[in-house]
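Which chain is which? They are A, B, C and D, in the order written, and residues in each are numbered from 1.
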Amino acid sequence: MLSANGLACERGERLLFRNLGFELGRGEALLVVGGNGRGKTSLLRILCGLSAPVAGVVRWRGDPLSKAHEQYGREMAYLGHANGIKDDLTPMENLRIAAALNGRELDIGTATAALERVGLSRCMDFPARVLSFGQRRRVALAGLMTAGALLWILDEPLTGLDVEGVAMVERMIRDHVVAGGLAIMTTHQPLALDGLTPQTLSVGE
Amino acid sequence: MIWNSWQVFWAMGGYGLYVWGSFGVTLLCVVAEVGLLRRHRLQVWRRLKRMKSWDIQ
Amino acid sequence: MNLYHYASPSTFYPLAGKLIPWFAALAFLLAIAGLYISFFVAPTDFQQGEGYRIIFIHVPAAWMSMFIYVVMAFWSAIGLAWNTRLSFVMARALAPTGAMFTFVALWTGAFWGKPMWGAWWVWDARLTSELILLFLYVGVMALQAAIDDPRRADRAGALLNLVGVINVPIIYFSVKWWNTLHQGSSVSLTRAPSMAQTMLWGMLIMALAAWMYTIAVALARARTLVLERERQTEWVRAQLEGQP
Amino acid sequence: MLKFLFTVIRRDVLLAGRRRGDWLTAQFFFVMVVSMFPLGIGPEPGMLRTIGPGVVWVAALLASLLSLDRLFADDYRDGTLEQMLLSPSPIALLTLGKAIAHWIINGIPLLLIAPLLGIQFNLPAEALWMLVLSLAIGTPILSLLGSIGAALTLGLRGGGALVTLLIMPLYVPALIFGAGAVEGVLSGTGSEAHLSLLGAFLMMSLLLAPWVSAMALRVSVE
């Protein structure tokens, strides 16, 4: 479904990596590994189409990303370093507006269920400003669940989460992949996906 | 020859300040640009050479 | 792919190095010829006396300031369309020279205006547009200077450059319109009463000299930029063995 | 398509409503800049009437620039901009929506305040109407062209001052036609020509600016 070929990336005249490629199908996960500053985040940003590689091409369902903007936008969900949460809006508003921007209706019931699943049932009506960092991360994860995307691209999904939160994310990813989804992630913490071994891709020498 | 002497030439019929002010500043700009360019090039050259000798890319 | 061959930095660098002295020499010779015409061939103007000789730099500088902006936009468009790095480098190398000519056009305009209009600055349509052109140059250079990542700096500058070039005619038209409504000056700098043949020749030769100068300086600046950007490559490291 | 556009506009208006302090700052800036001129120039009514249209227009430029540097910057910082860029809709629609929202938030209040300021400058009633009309056509241009500058300077040090430097020269035609229209009323030479030229400039900005600022956003976010 998702394939990358001969990717190269440069940051400020420095070559981060080149000739990187992989192939990912339904029900498969990919773990991107590599030390700090090796270009993991850059790779994920290329894969989700935010930045263009210096060389190489990323294809979704056979089409290069530049031609598949609309479809890819519907079928891919990205969770970056920043949570993508507006501090002035409540978690509920955040979820619903994010869905509307993606061209989906999200009714209050589904949104409530998602927020309950990530353990935020008590702070649904506070502005996100008063939430802790971990709680805001959970709002972003609830957004990921309600996005209904086929491909998840997660940049350090475990940062800022407590033990219980980590277990929750691991369960989320596993369920998603087992149900036939695709997941690409980076992490510095060990990730236990309970019977699922992701492919690994090493970035940088 | 339309100028009888250098004196007349420099005076420019009373417009000396304006004519030479214009031409002079233009010359100054050109000289300054070329000078700055050369200096910058030498600086870059030295820096790259130093970096190479340290073998830092 | 012949074009791509010349667009490669490692080919460009030595080629530009060979071309620069020729353009510089041409610029020098043409400038001498132009200056000779402006001071020794062109006769005294019966209306403006000797003061009109300023137009031999003012007009070519004003032409250059506009041409260079358009040429920059051309390179920017090519760079954005085909993703050729050298085009961005050329666009960037031209900007300071363009700003310099704009400044010269403004300065000489003021020095011409003082004896003719009695004021260093009048809000004449041409001078005003020239001033705004200077702002546009400053904007592009400031933007490129503020961005650290060269790739982003190139593209952002190129986009701004293209927006600017679309706007320049509109700005010129609006300023002219504004000027006629507010009773602008009746004397125009470029439409001297008797545009004699020799004057035209003088200005053309000076403009040609300015072109050659611009090419030489822009190539030299582009060379330095290429050197900086390609510093990890083998050919630059080999270059560094020689003399600057 | 249109739904996305409306969602972007509604979202930005909602957010501005949650942050009324920032919004009021720009409006009071406008009022204060305009009020400084008589203090600097003197209270002579004839003189004030001559400079009035120009002063109000220049202050409108400055006020819109003041709020522009945050057009994309806030969303960039908290990651919502990335999410919006990845949405299925064209990015030009996002930038268009953002510019329209900026106009609703910052442009429309200017229209309402401008007549009051015009009275301070002894403008007659017809000139006041023309001032509002010219600002109504002109301020969307400020938001549209400004969005290009905001996108280009996204995340840079000193972004605010830089936006001013980049965009101010591009505002020149809007300023000339806008202030000229009001002056046409004052001097009795008519202002239809000014207004149609301003309208043409608006149409052009509307067609081109969203595309350019979409490209600029892609370059800046990369």
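By definition in this document, a residue touches a chain if its C-beta (ideal position, glycine included) is under 8 Å from a C-beta of that chain, and two chains touch if they have at least 3 such contacts.
Since we're looking at a predicted model, the values are computed, not measured.
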Exercise. When you take the mean of every protein CA atom shown, which chain's own CA mean is nearest to it?
Worked result: D
Seminar exercise, completed: Between C-D and A-C, more C-beta pairs in contact link C-D
Problem set entry | Inter-chain centre distance, subunit B versus subunit D - centres from mean C-alpha coordinates, in Å | 42
For this session: With chain centres taken as the means of their Cα atoms, state the distance from subunit C to subunit D in Å.
Result: 32
Exercise. Roughly how many whole angstrom separate the Cα centroids of subunit A and subunit C?
Worked result: 48
Seminar exercise, completed: Chain-centre distance (mean CA atoms) for subunit B and subunit C, in whole Å, is 16
Exercise. Counting only residues that touch at least 2 other chains, which ones in subunit B make the list?
Worked result: 57
Problem set entry | Sites on subunit D at which at least two other chains make contact | 222
Problem set entry | Contacts with 2+ other chains: residues of subunit A | 14
For this session: Report the complete set of touching chain pairs.
Result: A-C, A-D, B-C, C-D
For this session: Please name which positions on subunit D make contact with subunit C in the complex.
Result: 148, 152-153, 156-158, 162, 165-166, 168-170, 172-173, 176-177, 180, 189, 197, 201, 204, 208, 212, 215-216, 219-220, 222
Exercise. Can you name the residues of subunit A that touch subunit C in the complex?
Worked result: 10-15
Problem set entry | Residues of subunit D defined as touching subunit A within the complex | 3-4, 7-8, 11, 14-15, 18-19, 77-80, 82-90, 221-222
For this session: Spell out the residues on subunit C that touch subunit A in their complex, using ranges where they run on.
Result: 148-151, 229, 231-232
Problem set entry | Footprint of subunit C on subunit B - complex, ascending | 1-3, 9, 12-15, 18-19, 21-23, 25-26, 29-30, 33-34, 37, 40-42, 44-45, 48-49, 51-52, 57
